Structures are given as structure tokens and as C-alpha cells.
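Naming follows writing order (A, B, C and D), and every chain is counted from residue 1.
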Amino acid sequence: MIESSLTLKNPTRLTYGMVGGGEGSFIGDVHRKAAAFDGKTDLVCGCFSQDEQKTLDTGLGLGIPPSRLYKNYVDMAREEGARENRIDFVVIVTPNVTHYPIAKAFLENGFHVVCDKPVTVTSAEAAELEKLAREKNLFFCVTYTYTGYPMVKHAREMIRQGVLGEIRFVNAEYPQDWLSTLLEASGQKQAAWRSDPARTGASNCVGDIGSHIENMISYLTGFKIKRLCARLDTMVEGRILDDNASIMVDYDNGSKGLYWSSQIAVGHDNDFRVRIYGSKASIEWSQENPNYLKVSYLGKPTETLSRGRDELSVHAGTYPRIPSGHPEGYYEAFANIYKTFVTMLIKKKEGETPTEGDLDFPGIGDGRQGVVFIERCVESSRRGAIWVDF
Amino acid sequence: MIESSLTLKNPTRLTYGMVGGGEGSFIGDVHRKAAAFDGKTDLVCGCFSQDEQKTLDTGLGLGIPPSRLYKNYVDMAREEGARENRIDFVVIVTPNVTHYPIAKAFLENGFHVVCDKPVTVTSAEAAELEKLAREKNLFFCVTYTYTGYPMVKHAREMIRQGVLGEIRFVNAEYPQDWLSTLLEASGQKQAAWRSDPARTGASNCVGDIGSHIENMISYLTGFKIKRLCARLDTMVEGRILDDNASIMVDYDNGSKGLYWSSQIAVGHDNDFRVRIYGSKASIEWSQENPNYLKVSYLGKPTETLSRGRDELSVHAGTYPRIPSGHPEGYYEAFANIYKTFVTMLIKKKEGETPTEGDLDFPGIGDGRQGVVFIERCVESSRRGAIWVDF
Amino acid sequence: MIESSLTLKNPTRLTYGMVGGGEGSFIGDVHRKAAAFDGKTDLVCGCFSQDEQKTLDTGLGLGIPPSRLYKNYVDMAREEGARENRIDFVVIVTPNVTHYPIAKAFLENGFHVVCDKPVTVTSAEAAELEKLAREKNLFFCVTYTYTGYPMVKHAREMIRQGVLGEIRFVNAEYPQDWLSTLLEASGQKQAAWRSDPARTGASNCVGDIGSHIENMISYLTGFKIKRLCARLDTMVEGRILDDNASIMVDYDNGSKGLYWSSQIAVGHDNDFRVRIYGSKASIEWSQENPNYLKVSYLGKPTETLSRGRDELSVHAGTYPRIPSGHPEGYYEAFANIYKTFVTMLIKKKEGETPTEGDLDFPGIGDGRQGVVFIERCVESSRRGAIWVDF
Amino acid sequence: MIESSLTLKNPTRLTYGMVGGGEGSFIGDVHRKAAAFDGKTDLVCGCFSQDEQKTLDTGLGLGIPPSRLYKNYVDMAREEGARENRIDFVVIVTPNVTHYPIAKAFLENGFHVVCDKPVTVTSAEAAELEKLAREKNLFFCVTYTYTGYPMVKHAREMIRQGVLGEIRFVNAEYPQDWLSTLLEASGQKQAAWRSDPARTGASNCVGDIGSHIENMISYLTGFKIKRLCARLDTMVEGRILDDNASIMVDYDNGSKGLYWSSQIAVGHDNDFRVRIYGSKASIEWSQENPNYLKVSYLGKPTETLSRGRDELSVHAGTYPRIPSGHPEGYYEAFANIYKTFVTMLIKKKEGETPTEGDLDFPGIGDGRQGVVFIERCVESSRRGAIWVDF
């Protein structure tokens, strides 16, 4: 045992609860691993399922006492709201259509929120949550995972500093192939809810992955979409919603964009790729090879920046956890979203003022904008793939 | 010396002449190297420039006697037409706007024609040449180079045989960066004529490279475009024509396509890439890495086919000249266009009936379709990037 | 709160302590994240440094009470050994030369051990630990990280099943560039201890990374080295130990190997790459792109297997945690070593008999063999890069 | 027809003859295409086979009159030597063991020589040819193709200018898989002569492809080998000569090298790859992707140089024939060897003094050194893979 004469300092830790994410859920486990990654949070309560036994099994497996496992989210929001050692924030990982009422309940009980994207299924709901969070002075993080990668953060900084010159064109794509067949007919859980308008909203492909493109480009460039022209296709017979989408975008500064997302592009796993072309240089980043950033300049050789090896901007440089060549992946990117959110809440709890970097997580404003994007794409396509204003 | 008792067989060879391609020309030299590659043709006359001295210098450097070097193409077409040992075909490598009158003159004098793309600057001109060639029973090859690559020919065969299943979506792009600045202002020859409507026609980017996409997809799939929606951008200040183009395409069988061509995409040299997604499999081919073909199947690992190593279709398999791993490039692809055209003419000369494979070169019909494509893109974009019928 | 009528099942969890890994340590944090990844373990005690204040600060930051923070490893082994709620295992992450006494102390007090590689600096020490563990019936895991990648596990299974035919040749390399300059002179901590014989043992480059090659090839093929010829170079002036090593290996079955490890190979981050050539097929795997496995067959196209997308062997298939295209990296591989070790200990605790798969973690036998490899390489090189028996 | 008042200038052209290269030969056709590529040479005579009818058929197909087709090389050397319009040089493309007498005959008759590698099967023969060429003041080009690639020439210039700093380590490999089975037993022509000591000499794998490594590294670095340790393997049962070789090399300046060549490395077509590591930077070049050069620096991002796009050294910059992104391959590299040799001979014929760049083709000295390398590797391996002096 250590001498008692030494200084003792207990660092601040946060507690949180979760709604959704019962056994068999994919994203619930991802959130728990990401939140736990840096060892600053403890999951202490939850309502993991509408099935009480499942909530109990999941909760006990996570070391949560039955006293803080709840039948439904309404009880959870109210009872946790009344506790002295109440949680610091709640994580919502339920199907899209339920995000709104759950988030609302927790905001009303004074909790910060972390919620999956798309944050709601209508922009009106999103706007309401945004207003509520502002009024209550609460933080609301929408987990667009991919902006958590350090090379993305560095790319944003390069763009901000003008390294690319004036940005002329954006080409971003997100092809997958897992819905190349009518997988939802087999009862596969992920396919079933994503392709069902009653649970997922008005779009499948744009809602699930096209919206990541919108968020990423908005994050990297800060550009506002002025108008767009979207052709949403349903390529697999028997499917109700879109599984492939081509979208032309005009930004309000005169730059142009071209987005493609697909779930029927055979051979692609999760091949989110972004290319941004400026008057002086361009960048290319690929989610499946996320530790590298290709940068091409006019008049000099193309460079490949390696996370850890090459110098990153000060802010981006705070995210990597291991040396170059030791690949960091999806979990680490997700953990970075939490790292920023949690660090910010800890600072707030300790009375510190968050810096700009501390607020570098996707917020409810980004979430609302994402829902508007989905709505406009659906509208454009329904009207014959015509141009609609954003 | 060899015994005279042995059998002597003199193989048939062809002669040709060239219009354009004087010193300093890029594409003229490419045509000459390509035509010479397999040792079946001899360049025996020409009018390489409007400047007689240049024609003389170029011609003598190529070993052509002054008696078959011409002041202008009109003389050349007429005089060659009157010779007993007249050339078998003519190659036209002048700026776009002059293709039509030159081709017409040679067709009228009974010559087969090889001409650069786009074959004309209006579809009416192209239709007239097509009619003339048909009436005169002459062959007219339009040198869309990229269909000459063996892996492209194999990909077409795979598609024909149904390996990909029903084709759902095509994503093709052709980014370059050489016009990222106002290069034409510097007097650079290639930039100057390509960006000048008086020499190049109504489009720069779509006309020069977007048209390669149209031809390639048409070659690979056989699909007909039903309608398209094109946004042509001029990204560099001071430029008159387009330097970036995003095009949505609906094919008449319900499949969809997305084309992007650009000359301002910093970091891309000549990065023509084609991806075709079917219900069972997809293919990906890139011009900068042309000896490989990526094939992805649903439910089994992605394959990389290597020219020479892996089995090609019978027809595609006749094109490679060296073993696998010895890269064949642009010149060899170009030489393949000539190889097919020349083999066909030799067979014809020897009284043989050409097979389907002997006719596997881009013809005047393909050339005309390419001009229509350019016209439709320009029209769509001028009217606000709206959908126009093909 | 949940109804009390439901079934309650508390899953078994493990506790562990750590020696080494104080603030500023790289590998200590990696071990903690890896052990925590799947939520089955709790770190409950430790001696993180020889500096008590540092142990205290580190421990409190990790939520460990002062009562289970120890001045030195001797106290820790003894006191924890005497507790009723004693830890299940200890993790040793100190410099190489101290592994032996620390591991010995914990084995003697009846603890399972997880220890960094190389497990000791002499093979005699390793043999002694192996004997002790066997006598005490304790498990001893040596954390050769890279065998934790799922694609490596699948490759091993392919080899075992004879997919490659008879293996003829192995080419494995592990180049890095971080010691291209005399970094240790700057006081950089990682460089300082690794290049110091007093802390790292008789070899730097072979000991640190060459030994990963030995372990990986042994894991994949099961081959025994019969003799080797090693040339160890010291390329940077002022350095004492090797920083580059070329090693020819003859296996006892007649197969041959060629290993190269380097810390002065400019441009390589952590570029561990393995290629194994058989009479029927070959595999290639690269640590920097770990979610893919290239498989080439005689007479059919080369395949790229994607983790999550393509079917893995039953055992390998239990390791991935997220769908294909969501990259898993170094932390997840490291977590897989712990996952196997912890699952095995939990089964043991619950009275179950571990299966072969449950024992798929690198053990003390592997660790001892690794030390022998380092010794033989040093011996061969010192005697003029001659062949020495293994 | 052109005005007769204009200036006429007839450029100098060269004529050559060929020994070997009859129908069915691979390399003969490659030489002819390469020699013809830039339009400065004419093939005017030959002895293409020991079979007269085959020589006749081949020759007529190439447009050569029967009067300059020869029964055997002895006649050809003598008769051509006696002609007024005698050829400028001879090309020898016969099996290795016959190079020596043929080259000798032509040198003795005063002809410059182009000969395939390895130039002879013993170093004594090579030394004799070297002496003879020097005495007769004749040029002798040994066609190590791969130094003809522009990016290789640029890499050499970078090394000469010290961009890499002091070179520490070379890792070069040349794996193929075409001899993974006992192909020679099937009668395949290429396999049959290469694996037959009577036609190919003492080594197959080192002689055929390992020797390319030796030449390339010598070309790039100028390093002299001091000693080497070679393990030559015969992996396929029934084969007489080596099909896999691992070679450690010590250069006389203290740098070290590691070479691997293989014909049984399943999955590799012609995968010649060179990596050179210096104290400041490294380069990597791959023959299968020859238009690019990877350059890594300490302390800045890795660069990918693109032929045509990025600035090459003045000398290297004279070789590319087409813009960047239009791939140049094996034929163009081979044509570059001829381009240099032919340009030099033309200059000589016109009385000009060749510059250093004009002499940038592999000469008989390089050829002799290559044969010594093969001999030393065979010797080292036969004596138990021990170190032997060069």
C-alpha cells in the first residue's frame, strides 16, 4: 500500500444511461465501447428494450443493478431526474422514429443527450428539440461518427487555412452492397427497420448513409447548400424505399457538389469516400483506409499524410492515441465523438469554459440540417429529380 | 542467303496517308506509332500542316518522298484518288471543326477513314458522313482509344454473358487537372485549341473527355441513353467553355448512370475510371492501371483479374502482346484500335468476310452518337441543368 | 424499475492488477483499453511506477482506491496473494529486463500472468517461467499483438486446411523508420529504453520487432526453425544495438524463409507484412491494412478477402465486432488477445473445459521460443552472419 | 505536291539485322517493336532461325527480301560485313549459350551489337567480348530492359544528387509464379530453355531475373558488391536448376542489400520492385506500376511522383512520350533502351560526340558484371549458402 502522506486527487468522472441497445443491437454496443474507451464514464442505468426481461439481462450483463433498470424511457427520464446521483447524460440508440419523443423527455428532465442520426424523422421535430435544448441550456450530440477520424479533422483545418485555395468541386460517395438483395424479406434486423418507412422515415439510403455525406461535407467545408437535384432509385424489386441516390448540389458560394450513396453497389463494404477540389490543392479521404489523407497540389508531387507520422494541426493532433502505422479504426473514431463531448461536460462540471475545440462534436443544429437534407432529397426525387431550394 | 527452293509468301500490307499531325502535334505521333506497332502498315503520303515547309520537314523525317507530300487536303484526296498505288486509308488528326470537310473529301474519293474524336462538331455533319460512308461502302473508324484495352474488351464480354446479372447502376468518371489554371492564356497549344469554341465546338470538357465516358459505357453495356440532366461548370475565371461536368443519365431499360468529367480536379492526371454494378456482380476498371480488372461478386471474395495471367474471353485474349506483369499502356491500346481496323481491311482486300471481332473498332455510328451526347449535355446545362431527352 | 419477478443472472467478471504502465507509458494504456474493451474485466490494483506519487496519481485517475496501490511489485504480489478478493490475473508492462523477476513473483503467489514480449531477456529465464507456470497450473499470456487480427486467424486456418498446398517459401518483413536518427540521444523515452542493452537485452531491432515476425510465422504455419543466418546492422552512428536485420531461415521440413526487420527504413510506419507461398496458393497480409487478406491461387484470379464481408473460418469468425468496411485496428487486435485469455479464465472459473479456440492466445512456450530466436540471431550475426542451428 | 523551292533535309536513319527471333519467339518481336518505336531504324536482314524456311517466312513477313535472309549467323556476319550498304548494328536474341559465338562473329566483322541478357554464360566469355568491343571501338548494348523506365532514370538522378542522403539499405525483389509447376515438362518453350542448363547456363532464377536486380541496383546506386551469401532453392520436384533465390549482399562502402527472386511465388506476375533507404529519404519503384515513384522523406509526407505530371531530372525528362496518366509500359521502356543506343549511333555517324546521357544504355561492362553475379550466387549456394567475395 502507498504512503498516506502523498497527495490524493480524484479526477471527475461522468455517469450515463442508455435507451435502446439491448442484446442483438449493433449500435448500442458500439456506443458503450466508445463511451468507455478513455475510461471517463460509467454506464449506470438503462432501458435497453421494450421487453423487460431483455433490459434486465442486458443490464445485469453490464453490471447495472436492477434498481436502475427501467421498464420504459418515460419512467427512466422521470426517476433519474429525481435522483440525487442522477446521470450526467443519456444515450439514445433506438429506431429513428422514436428519437424525438425520447430525446424530448430527457431534455425536459434536464439531461444532456447523445442521440444517433438522423436525429428525427421530420425537420420540425428536430427544430423543436434544438429549441428545447437551447432553452434548457443543455448539450445535444448527434453521433455522425465519421467526423471523429483525426485525418478528417486535419483536412478541415487545411481547408480553413486556405491550403486548398478556393474550393470548386466536391465529389463524395458512400457505396455499400449489403442491400443488393431483398434482405429485409429474410427478417434480418438491420435491414428490416431501415427499409421500413414506419420505423426509419421517408428515406432509407439517403437517410442512413447519404446523410453522412451531407454532414461530412458541411463539417469539412462549412458550405451551405443552396439547391439540390436528387434522383432516388429503388433498384431491388419489392423494396419500398430508396437504395441508391445520385444528388447534384449547388452551394450558396457558387461551388458545386456531386453525391452518390448506394446500398446496392456490389463490392463495396462501407466505402465512404470524400474528395474536395480547390484552386490550389485537393484532398481525398476514405473511411476504409482512415489513417491516411491524400493531398495533391498543383505543381508538386501528391502527398500521403499518415496519422501519427506527419504533423497534424494542433487540434487534430489531440485525437490519435497510438503511433503511426498502428491502425485506428471505427471504434476509435466513435470514441473521439464521445471524448470531445465528455471532456466538454467534465470541463463544464468543473466550472471551466469550453474552447472551440471542446465543442467539436456534431450538435443538434447539424442534426436538424441533416433531416432537412433528407426531406429535400425526397422532395426533389418525388417531383421528377428536379432542382429544389434548400 | 537462303535457298531459292523454299516457298515464298508475301503477306498483304496496307499503306495510308495522314492529314494533320505535323511536328509539335501530340496525337499525330501517337497515331503513327499505333499504326506502325504491328508492322502491317506504311505511311506513304501526307499533308501534315497548313504550312508547306512543316509538311515537308515532317514528311521527310518520316521517310516520305516529296512527291507524296501535299499542300492541302483537297489536293491530297484528289491526287491520291487518281494514283494507281493509292493509299488504303487516310488518318485525320486535325482540330475538331475541320474533321467534317476533310473526311468528306476522302470519302468522296473512295478512301476508308480513321478520324479522331469527336468526329464532327455537329451531329448533322456526323450523320452526313455516316450516310456517305454507307453509300460508298467505306469503313470509318473513330479513335476512341480506351476501348482498345484488353481488359475493357473482357469486361464487355462478361457483361454480355450476364456475369453481372441485370445492370442497375453505372458510375463513370474522367478527372484531369491540367486546366486548373487558365493555361490557354499562356498559349499552350493543346489548351488553346481545346478551349476555343471556334476550333473545338460547343464544349471543352464534355467534348474532350466526357465523350469518352459516353462511348465507353455504350461499348461496355450496349445501353441507349433515354434522357440526361447535365450541369456544365466553368470553374476557371476567363475561360469560355466548360471545364467540369456532372451528368445524370437514365437509360432506356430503366438502369441509371452518373458521369463526372473534369479538367480542374487537382491531383488527377488522366484518371478515367468505370464502375458498373449489376444484380450479381460489379466491375471496376481504371485507365491508369489498365492491365487489371476488379470484379466483385455477391457472396464471394472480390477478384482482381490480371491481363495475361487470368483467362480472358476468346476475343479479348487476342489483344495482349506480352505476358502478364509486363505493363501494356496507352500506345498498345491505341495500337489495338488500328490492329482491328487494319486486320479487317486486309481481310477485305484478300476477299475474306470479316467476323464480328474484326469489326470491333469504334465506327462512324459511335462517333455520331458521341456528338449527339455532347449536344444534349450542352443543351441541358444551358437550360438550367434540366432533363432533356436523348 | 424492473419487476422483481424476472430472472436475475449475474455474469462472471474478472479483476486484475497491473505492474508498470504509469502516466506517460504507451503500452500500459493500450493494455488497459484492450482489457476493458469487451467489458468483462475490472482493473482493481496496481504498482504503476517505481515512483509512489506516480502510482498514486495513475491509480486514482483509474478509479482505484489507495488501499490497492502498491509501492513495489513484491508487496503487491504478496498482499494481493493474501486477499480474499484477490485479483484473477496480473498484467506486466515494464521494461524487458524486469519481466522475469516480476512474473516469477506473481506466479509464485498463484496468479495467472499477462506479460509483454519479449517475455524475458534470456531463454533460461523464459524456460524457468514456463516450468513454474506448468507446475503451478497457471496461464501465462505473452502479448504478441498481431496474431489477434481476425484475418491472421483465418489465414492460419486456411494453411491448416491445406488451401495453400505445401508451403515452400515465407517472406516476412517489418520495417519502421522511427529510429532513422539517433533519437535515443534526445531522451525520447521509447527510443531510450529500447536501444539500451541494460533495459532491453542483447538486441533492439530483432528483439522489438523481428521477434513479431518469428511469432507470426510460427503461429501461421506451425513450422519449426532448423537453422538461421542473421546479419544484424547498426546503421545509425552512435547506436549500440542493431536497427536493421536480414535473416535467412531454414525450417525443419525443408521450407525456407526470409525475414527483414528495420527501424531505419524511411517511409515505413509500422509496416509488418507477411507473405506465404505454397504449391497451390499464397497469402499476403499487411498490418497497416489489417481487415483484408490477399489470396492468390494458381490458375484463378487473385482474391481479396474482406473481414466481415467474406466468410471466415468458424473460429476466426468469432473475433470481428463490427460489419465489414468499418475498420478494426490495433486496439481491437490487442483486445482479441485479452478476449481469448479472459474468456478462457472465465470458463475455467465456471468449471468449464476450455476448447482449442479458447486457448488461442500466445503462451509462455511461444514467449520462450521468441527469446531463443533473438539469441540465435545475435549469435549468428556476431560470428559473421553464419548459419547457426536453432 | 509540295513546292520544289522548299528546303529538303533527309534525317539519318539506321539499318540493322537480327539473329534469332523467328516466329513463336517472344523476345524477338519485342526487340523489333522497340527498335521501330521511334521510327529511326529499319530491319533489313536476318537469320531468324536455324530452320531456313522459318527464317524465310519470318523475314518475308517483315518485308525483308530473300537476298538478305541468311542460313546461319556465320554467313550473315561475313556477307553483311562485305556489303557496301551494310547494317549499322546486329540484334542477338538467341538462347543464352549461343550469345557468345554470335556476338564474337559480328564484332569481328565490325558491327555494333545489341544482345539479350545474360550476355554470356561464363564471365570469361563476357570479358573476352568486352575486350574485343574495346579493341574494335564498337558499341555493345545488353538489353536489361528495366532501366529504360523514365522513373528509374529519375530515381538514379535523385540518388546521385544526394536527395536520399547516405544510402543504408537496399531491398529488391523480383517474384513471378509462372514456374510454380513443372511447366518445362509440358514442353512450353520459354520454360523449356530457361530450365535447361545446356541452353541457359548454371542458373535459371538468378540468371533470368535475379540478374535484373543486380543490374538495376548497380544502375541506381553505382554500388559495387563486396561479398554475397546466396541460398538458391529448387522448390519444384523434377526441376534441375534454381527457381527461388535469397541473397544477402554487402557493398564495398558498408551499405547492405537483400535480394529475393522467385518463379514460384504464386500471385506475382512480373513483380520487380526496388526499395532504397537512405539517411534522409527512401524511394520505392515497382515495374508493374512503372509510371510512379514513391519518395518518402524523414519529417515530411510521403510523395508519389507521376511521370509526366511531376518534374523529372533533365535527362529522365527526355524519355516520356505522352502526357501523365497515359500509361507507358514495358514496350516503351524497351524502346527507351533502343532510343538511347540508336541516338548515340546516329550522333556518331554524323560526327557528333555523344554526351553522358547518350551513353545511358547498359553496356558490355554491365553485362559482364551480371554474369559474375550469377556465378558468385551459384558458387555461394553450392558451398552451403556461405559468404563469397565478389
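What we mean here is this: a contact is a pair of C-beta atoms (placed from the backbone, for glycine too) under 8 Å apart; a residue touches a chain by one contact, two chains touch by 3 or more.
Note that the structure is predicted; figures quoted are calculated from it, not measured.
Chain centre most remote from that of chain C: B (centre = mean of CA atoms).
Set side by side, B-D and A-B show the greater C-beta contact count at B-D. Note: centroid distance chain A to chain D, computed from Cα atoms, is 56 Å. Centroids of chain B and chain D (each the mean of its C-alpha atoms) stand 33 Å apart.
Chain centres here are Cα averages; for chain A and chain B they lie 46 Å apart. Annotation for chain B: residues 268, 302, 306 touch two or more other chains. Contact residues on chain B toward chain A in their complex (touch as defined above): 168-169, 171, 173, 177, 180-181, 229, 231, 233, 235, 244, 246, 248, 256, 258, 260, 262, 264-268, 275, 277-282, 284, 294, 296-298, 302, 384-387. Chain A makes touch with chain D in their complex at residues 295, 300-306, 310. Residues of chain B that touch chain D in their complex: 1-4, 6-11, 13, 26, 29-30, 32-33, 36-37, 39, 52-53, 55-57, 59-63, 66-71, 75, 79, 176, 178, 268-271, 287-291, 306, 308-309, 321-332.
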